[in-house]
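Presented below are the structures under discussion, each in the form of structure tokens.
What follows is subunit A paired twice: with subunit B in the first complex and subunit C in the second.
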Partner chain A sequence: MQATSITPDAPIRFSVLHRLLHLVVMFGFTGLAVTGLSLGLSSTAPARGFMWLIGGASHAAWLHRCCAVVTYGCVVIHAFWFLYYKFGLAGAWTGPDSIVPSLKDLKDFKHHLAYFFGLEKTPPRFDKFSYMEKIEYWALFIGMNTMGITGLVLWYPECFTRYLPGFFVNLAQVLHFYEALLAIVVKFFIHIGMVHFRPEIYPADTSIFTGRSHTE
Partner chain B sequence: MSAKGWMGTAIAGAVIILMGLAGLSLVSAETDALETGKPVCLDCHRQPNIHTNEGVATANAFCNGCHAKPECRRTVDGKAVSLQVPVSAAKENPHHYSACIQCHTDVARSPHKSQTGAQCRVCHSVHGEGTAHAPHLRVDCQACHFKSKFVELDPKNSNVKLAHIDLESKPISLADHTLTDVNDLKSCEKCHFSDNRIGAPAAVLPSKSALCILCHNSPLSMGHPIFGAAFFIFLVGVLATLRFWYLGSVHGEENSLHRKISLSSETIWNIIFSRQIFSLLKMAVLDIIFQRRILKESVGRWSMHSLIFTAILIRFLLSLFTAVIFYFHPNGDWAPALIDKNSPFTAFTNDLLGLFILLGILWAVVQRFIIKPVHVATEKQDNIALLIIGTLILLGFFLEGARILVTGIPAEMAGYSFIGYPLSKILSIFGLSWKSIYPYMWYAHGIVGALFVAYLPFGKMRHIFNTPLTYILEEVSGVRKEKRI
Partner chain C sequence: MNRHILQSGFRKIYRLYFGIALAATALILIGICGKAGAAILPPSGTGSDWFIDMNRFALSAHAALKCDDCHGSMTEDGLKHTDEKRPDFLKQSATRAYDYARCRRCHELSFKRYLEGGHAKALREEKDPSKEKKQVTGEKIMAPTCGECHASHYERSGLSRVAVGQRMLGACASCHPANAASYRNNIHGRVGIDLGNPKAAFCTDCHGAHTVDSLKNPQTALLACKRCHPKAETEFTGIVIHASLESVPAADAPKKAEVIWIHRIRWIALAVLALSLAFFVAHSFLWLLREIHDKLRKH
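Right after this comes the complex of A and B.
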């Protein structure tokens, strides 16, 4: 049986947990984007078409919250995994395998720019995660939490305005909308560009689905 | 004057008249024309927009024109009953900002008399199983939520409602709008005491538990500490089993639990995303849901096992379906029919499936203790499992009978419970105080149910998880066992 042929030494980049989280977030995020854009830009024709399809704004709101709970649940699980990695597996939060930014990233960035302008013959050798992936990861990590917190304020305004002034709800609305646009643009242009259209991995980097660091 | 000029004058005139009328009605609402004896048509014949604060204030000012005054009363059996709505009660009421006619939907007409009473369900939906047991579908909202202690059983539809008379049959006023703190379980005791006349059990019972979803529509809470304890034991059993499984080596890994879990999850991931998943799914449907392997061995054994297994599975799926339907459309057509134990479909289905389980258990008992064929090796664990499920079902049926007897549901409605209703008739022969016995029966059924859940990962019933898992592992590793014992 082919599945059992994995040797314990096979180079695995993403564990099953991370593959699963990515898969869930992939659908959760798309759902959030579609329903959220339809709610935020509700007067446009595509939004109206989508609303017609799913049965109105209240259903869109419900779906949006469902996707939000699932997606943010993944963020929480991911945060717990970080703790488990450090304390359960005694792993290091820094070093070549880490997602945490380091000085080497600055050097890599300089090196990479030099390579683009022909000043270096070879591109830099990245660690497990390149500086681009790190920027993307942390932008998304901060963005997910911003979206989560502002989304909660919009979901339970009565609860939050017991402790916060009323304009925080307006603030949350503005932040939620523009952070969403930013996240969608980053996801659908930069992320998809990076995992599909880089020359080394075109047509797709499948490592997040297969777990292996190179395609077979 | 030109035609245009005439039209302009006419419109201006109409606007002035309309403004005058509007002004008149606004002023008259303040001065209360009804009391001065000179009502103006628009005092009554208008429809304030009760979705605005202004409309609510206007509508309520009109009602308060009479109902705020102490002399507002009616005469019942020669006794004056106050219809004055106390101002203090209205202020403390959460409905303070709602119009009277929002709830009292049919009073704004002539004659000024309500046929339906206040309508809560215009805005609110019915409670779920966690807030109040399903029988409370036959209790008016006001009976629990209002302060009045006097309740009665409506002979027309056997619903429990607030009474207009006290215990000495003297008429009482229901104009006090103060709501009861229903979170205080003491408020339940206005019905739930031993000598009540409305068919309520003598004790306040806890809600069902999430564990009960195996057979019943259930809330998402633990309900009672015994269910919490059962769930804890269940979890400990599951974890102990998992730990036992991971004592062995996985793909040659002996020590690290992390590596073992990584390797086994890797295998599962690779199987899910391979063509093999289709043959696994096919096997799951045929061998696990339809129990093909047992059928190959013996039609009799398959029938016996399916009576128990399929009936429990259908009740479980039906409970899940009910939970989903109730979540999305609590006021739709389906949810009340599914959560109401007395509705024809639910009553009949639950009794039928319960009967199937009981027949399967009886069949197994007969096989084990009377026929004793060669393949039956009677073990203690098998007998315990049969005892628990059999007791659970029997207690369930008797509990249902007692419920029908105590709540006094008429035969034309209760008849769909084709086992529960005859049982209620049999129970009624014994002149016992079933109101007081019912809570003990409920706890007995609940404790055996908790025992069932707690016992799942330990005894014979572990096969519910082990056997499908074995089938899957056999399919994955290519082992074909012709005969299993």
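Right after this comes the complex of A and C.
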């Protein structure tokens, strides 16, 4: 099924926790995307039709908030895991297995661009996480938190307007919408396209589900 | 022989499976299209003029009334129907010519509220020659009486809250198009008009049915907010519902500044979105091209 074969004793790339979190976020994010977009594009026929199918705007709001709690819960669990990794397991912040950006990422990026234009024969040898994966990881981490905060403002406007000017709720709505558009396009098109459908990997990279790596 | 029967059995199961899948998809699509078609807005305005469509009148809330219940008898006040002395009568607007004080006989409370409200105030100012004429929007619009918002001959009773709300938006939009547009962009308009949720707030739920208050006073606005948001406090009324420059009155400078900030943040967010997507799309596109090139060269 896969271009590169996976041997049963291949190194573990993603632990059980990470695989589980990815799976939950995958469904939570999709739920957030379809219910949120149906409200954001509510004047279009497909959005109205979908809202009607799931039982109207009240149910969509309920579903959106459930998915939000589950998805943000995964961020919190991941943050706790990060603390455990640093202090419990005394793991390293930096080094080839780290998700933290390093100078090597810049070199890899330059090398990769040179490879795109045929100036290099081979792509760069990435560490455990390539610069693209790091960009996606940190963009998602920042995005999840801004979506969480702006979403909470929109969920409880009565509470937040006790401390903030009223038009901050409008700003939260604007930021929530554009951040959502960015996340949806990047995750559904760029992430899925480049992780699974690239000729080198097509039809799918199963390592996030099985945990087994097929490189090295 | 057995294998043949088995194969044709499988084929039947496959056909059944695909048949059901196709039918389900078709049903969903029909549902989506039907639902989408149902939410089309009625045309703005009331459609009232001197000529009455009796088929539509027969379906209206006033169908049980006789003509002279509202219009008086043919010889009332010493006038004759039709009046030869006033041949231009039909050239004036039907809604401006009618004496809507007659509505009071049946709609006492609504009429009382109308007299206390913003529209009646505008009408008094319009009739007062000493006052300068105020313009609600660019073109000159006359202050509304009953007939400007309600089609007396065609308005139906027993409509759902959402249907009334959708028709109301059309009526309000004929004089307040910018406010109607910004409302439709707001969460209340999206949920109420687009998605047909009866819990959403329509125009009169905040502004009052016949009192039509502008809600410039935060304390009045707070009372309106509290009908659905009981925990709201004064600053809650600072949330901009009509968030477009056209729907904020020129005199309200602080609100204008807030709307300008909302626009600025929107442009910044849009720029970040466009730049990020440009990077991701260009990077992915080049990567794909290169890998396809590598694959083709190996063959």
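The criterion applied here is as follows: the second predicted complex is superposed on the first by the 204 of 216 C-alpha atoms of A that agree within 3 Å, B and C clash if a C-alpha of one lies under 4 Å from a C-alpha of the other, contacts with A are read in each partner's own complex, and residues count from 1 in each chain.
Note that a contact is a pair of C-beta atoms (placed from the backbone, for glycine too) under 8 Å apart; a residue touches a chain by one contact, two chains touch by 3 or more.
Every value quoted in this text rests on a predicted model; they were computed, and no experiment measured them.
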Report task. May I ask you to decide whether A:Gly88 touches subunit B, subunit C, both, or neither, giving the answer as first, second, both or neither? Result -> first
**Report entry** Which superposed partner A:Gly211 touches (first subunit B, second subunit C, both, neither)
**Finding:** first
Query raised in the report: Which chain makes contact with more of the residues of subunit A, subunit B or else subunit C?
Result: C
Report task. Would you sort A:Arg19 into first (subunit B), second (subunit C), both or neither based on which partner it touches? Result -> first
Query raised in the report: For A:Leu171, is the partner it touches subunit B (first), subunit C (second), both, or none of the two (neither)?
Result: second
Query raised in the report: Which of the two partners, first being subunit B and second being subunit C, lies in contact with A:Pro46: first, second, both, or neither?
Result: second
Query raised in the report: Tell me, which parts of subunit A touch subunit C in their complex?
Result: 39, 42-43, 45-53, 56-58, 112-113, 115-118, 132, 139, 157-159, 161-162, 164-167, 169-171, 173-175, 177-179, 181-182, 185-186, 190, 193-194, 198-200
Report summary line: So, in the complex, the side of subunit A touching subunit B is made of residues 1-4, 6-8, 12, 15-17, 19-20, 88-89, 209, 211
Report summary line: Interface with subunit A, subunit C side, in the complex: residues 28, 31-33, 35-36, 39, 184, 187, 190-191, 194-197, 199-200, 229, 231-233, 235-240, 243, 258-259, 261-262, 265-266, 269-270, 272-273, 276-277, 280-281, 283-284, 286-292, 294-295
Query raised in the report: Along subunit B, where are the residues that touch subunit A in the complex?
Result: 251-253, 258-259, 262-263, 265-271, 273-274, 276, 476-478
